[in-house]
Amino acid sequence: MVRFENVTFRYDAGPYVLRDLSFHLRPGSFHFVLGASGAGKSSLLQLMYLWQRPSGGAISLFGRDVGELSRQDKAVMRRRIGVVFQDFRLLDHLSALENVALPLRVAGRRNSSLDEHVVELLSWVGLGDHIHALPPTLSGGQQQRVAIARAVIARPSLLLADEPTGNVDDRLALRLLYLFEELNKMGTTVVIATHNEQLVERFPHPVIRLAGSDNMISGGTRRTAGAGR
Amino acid sequence: MVRFENVTFRYDAGPYVLRDLSFHLRPGSFHFVLGASGAGKSSLLQLMYLWQRPSGGAISLFGRDVGELSRQDKAVMRRRIGVVFQDFRLLDHLSALENVALPLRVAGRRNSSLDEHVVELLSWVGLGDHIHALPPTLSGGQQQRVAIARAVIARPSLLLADEPTGNVDDRLALRLLYLFEELNKMGTTVVIATHNEQLVERFPHPVIRLAGSDNMISGGTRRTAGAGR
Amino acid sequence: MIVGRRDVPLDNDASARFLPWLIGFMVYLAALALAAAIAVSNLTERWDKGLSDQVTVQVPPDIESDGGQDARVQAVLEVLRGKVGVVRARPVEPARMRELLEPWLGSQAATGDLPLPSLIAVTVDRGDPPDLDALRAELREAAPGATLDDHQRTLGRLLEIAHSLQLLAMLVVALIAGAAVVTVVFVTRTGLAVHRQVIELLHLIGARDGYVASQFQRHALRLGLAGGVAGLALAAATLFGLSKVFESGGEAAVIPDLSLSPLQWAILGATPVAAALVAMLTARFTVLRTLARLS
Amino acid sequence: MIVGRRDVPLDNDASARFLPWLIGFMVYLAALALAAAIAVSNLTERWDKGLSDQVTVQVPPDIESDGGQDARVQAVLEVLRGKVGVVRARPVEPARMRELLEPWLGSQAATGDLPLPSLIAVTVDRGDPPDLDALRAELREAAPGATLDDHQRTLGRLLEIAHSLQLLAMLVVALIAGAAVVTVVFVTRTGLAVHRQVIELLHLIGARDGYVASQFQRHALRLGLAGGVAGLALAAATLFGLSKVFESGGEAAVIPDLSLSPLQWAILGATPVAAALVAMLTARFTVLRTLARLS
């Protein structure tokens, strides 16, 4: 599903953020990415959702080398990837409902039964009362939940979530994690970057642990290796 | 320092976010604001930094009723309030250093020895290597720390922080809390809104607990009453 | 409830309100400048056609004998008709002469007993003109006092002025076109800057470049067309008013003719369409270039 | 290292590159239109002064007797000099007459033996004019065949045309000024939209409204001035070129005079300053209004 081979990465001529990173995430696996602030978690996810290109090494997604994809191919591939951005990236002029439905529109799916599905999902993340609210009128945690709903609405094959519980309390965080597990059980490969070690301890999934430029393979990552190779 | 008297608040014609809220934060006190996502924590802080006006009741800051302040008075008062915004609000075109120094510029203080002070503070929050970096090139947690440094650089009389540790790991969160305590000891009144209950448990400060429109006075708030009246 | 909203909220932008005004203003000016250029061109064409291959021979009146005058004119015509390079030579009717002189001598006087010189309008072949100096000498011999006037010289200056006015008008049109392109590029760039986050997000969730560009280009086309049509309507009204004013004073030969040919009206009518197309293509091109820079 | 940077990064905006072009373009057009209006106004003033209070009396040549002509002119002058409303009556010199006729009859002919009517230039008091019809009858009595020509009628039409051209030029100038204001409002609004977050943040950390507005207004002033001066320089060059062309064909009375008075040059020179000030004030006003809406 996701294969990194000796990937190094840095921004322009800056210091290396990721160095010689290799792993393979099997379809249907569930991984956490851990690491201190600035360790490169978001950068790693950006490589996976094709926002950045690796400075060295090779990445393949869905069995295809990303270096060889055309713009067109990339657009199609992005539709199979759901992303929860660390800074949400909601469209301020669209309601929560429209934001969540956006991936369906872009993919050209216009089935009004999907609307129901969107409403249901928003209720599930506790926003049933806010489906017509614009993002600027939502609290931080509410925005984050809209972002999560948008990432999962199209049943992506690969779900990438960057600090998806930073703005919600522990009870909600658990609830959201259960949502991710649910999706995972239905076949979605899930990768979650987080600081919340307590959360990670509760869910026995393999861990990719980043430590700046010299990436340490943690105990968790041993399990990654088991899951991936 | 901060006095709320029967304050109610709602956005336009929306539902009440805060209802009949009364408390007094004494100069030099340190409070946490707790509450579920959407309970109104950010709204409460917005009232305190004069971004919103109460729908009912009266708020006084620094001994003055905020309803009676001129635009000019408000601008001057805002310079005595440091705010860490939940969404950071850094200026993307200014370096970390310039962002942090901005409150000094706006207040008309242009002492080059202040520059040193800024650099020192940035080092303290772990950004000594990034003083010339622009915010878009910083990680989420790094941006949050720049926002914190900017809020405290001018030694405000009142410090308001909205979820200041949502994007950093526990070790860094502790370090930042110590920074706030330090300031508090030097006389700054501190108000921190957060979801991180563990953190709150570690620091024995009074708590304002919000539960949507019917604000519950928690065990913590009993201490607030003690501190405040 | 989802369909019908635009993903990029361009309609709320300042551009939605301002671009039509600017485009309208530019189309208005462009249409006026174009009309001026066309009018001057019609005028010079009239001059060119009417006069450029014309020279005039003048035979002064012989006050003593009435018949002598006619004989002398005949002699002059004889000379002229044999010349290579002379296409035609024809005496100007006395009635026409009086008409020409009327603005100078007053109407009554022109009908009166004033003895006038005889004029002979000569059409020469400018491609192979006769030697005018030699011709002058010959004419003087045939009829003493006869002179030959080449309008080309005085006309040349007027034409020079007309052409430089025309050039200026076309320069103004070109400037306006340039300004329109600059404006649309600016508006589009600005739209991209204001909506950068929206565009990035659309890109990230798999929208094709064309999908994003189409939103901007439709926006620009609509605004451009709206402004352009309004500008043209105003310009047409202005031109119509001007042509009425000109007609009422239309006797003077120097006043340009504002009655345009259908083709010329079509050119004017095309300006808003051209403006809208320029706006649309500029928007599309600018968006695609910006998107290409995203990974 | 902190001082010297602008808090609002306007210099990187698209506006920094585009506004000067647009302002330059508008100042260029405005200067040309203004110059046209001024030239037409100079021209009509010349006409007005020269002709509006003039009528001409024409005494046809008496071919039989040479002396009779002078006597008849004297009789006419006698009649005129006694009239209330006639300020001055003076015969036109034959040399001047020939000059007037030259373009029509050719230069040699005008020096020749062609018997010309005598013309008498009469200056009337337009405030209290004589009854021209009664005067005509009296003159016909004094000298049979004498006619009176009122230039006012033909001139009126020319003036009408000139005035409508002038009106059009002023309309264009007004339109350009309007367009410039619209452009600056648009650019400023856009700047506010692009930098909304920056402005809010500055507001939140206690910056005064004037502090924020000054950044925008300085920006607009600088860009407006830069564009305006460039536009004016180009316009001056164009006008200079045109006036050279016009001078070379300057004999024709209908060609406007492009030599402006110092005051008129000053008016033209003020356009870029005016444009820059309009830009600055518009920017300031727009920013302050937006800020006032923030709490």
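Observations on the model:
A, B, C and D are the chain letters, set down in written order, and residue numbers restart from 1 in every chain.
We adopt the following convention: a contact is a pair of C-beta atoms (placed from the backbone, for glycine too) under 8 Å apart; a residue touches a chain by one contact, two chains touch by 3 or more.
Note that this is a predicted model, so its numbers are computed, not measured.
In terms of the stated touch criterion, chain C and chain D have no partners in common.
Farthest from chain A in terms of Cα centroid separation is D.
For the pair chain A and chain D, the distance between mean C-alpha positions equals 69 Å. Put simply, the C-alpha centre of chain A and that of chain C have 64 angstrom between them.
A separation of 30 Å divides the Cα centre of chain A from that of chain B. Chain contacts in this assembly form a single closed ring in which each chain touches exactly two others. A complete list of chain pairs in contact reads A-B, A-C, B-D, C-D.
Of all residues in chain D, those touching chain B in their complex are 1-3, 5, 7, 9, 12, 197-198, 200-209, 211, 295. Partner chain C is touched in their complex by these residues of chain A: 49-53, 71-72, 74-79, 83, 89, 91, 93-94, 97-98, 101-103, 105-107, 110, 115. On the chain C side of its complex with chain D, the touching residues are 13-15, 18-19, 21-22, 25-26, 28-29, 32, 56, 58, 60-61, 63, 100-101, 103-106, 108-109, 112-115, 117, 145, 147, 149, 154, 157-158, 160-161, 164, 168, 171-172, 175-176, 178-179, 182-183, 185-186, 189-190, 193-194, 238, 241-242, 245-246, 248-249, 251-252, 254-255. Listed in rising order, the residues of chain B touching chain A in the complex are 11, 14, 36-38, 41-42, 86-87, 126, 137-142, 145, 162-163, 166-172, 195, 197-198.
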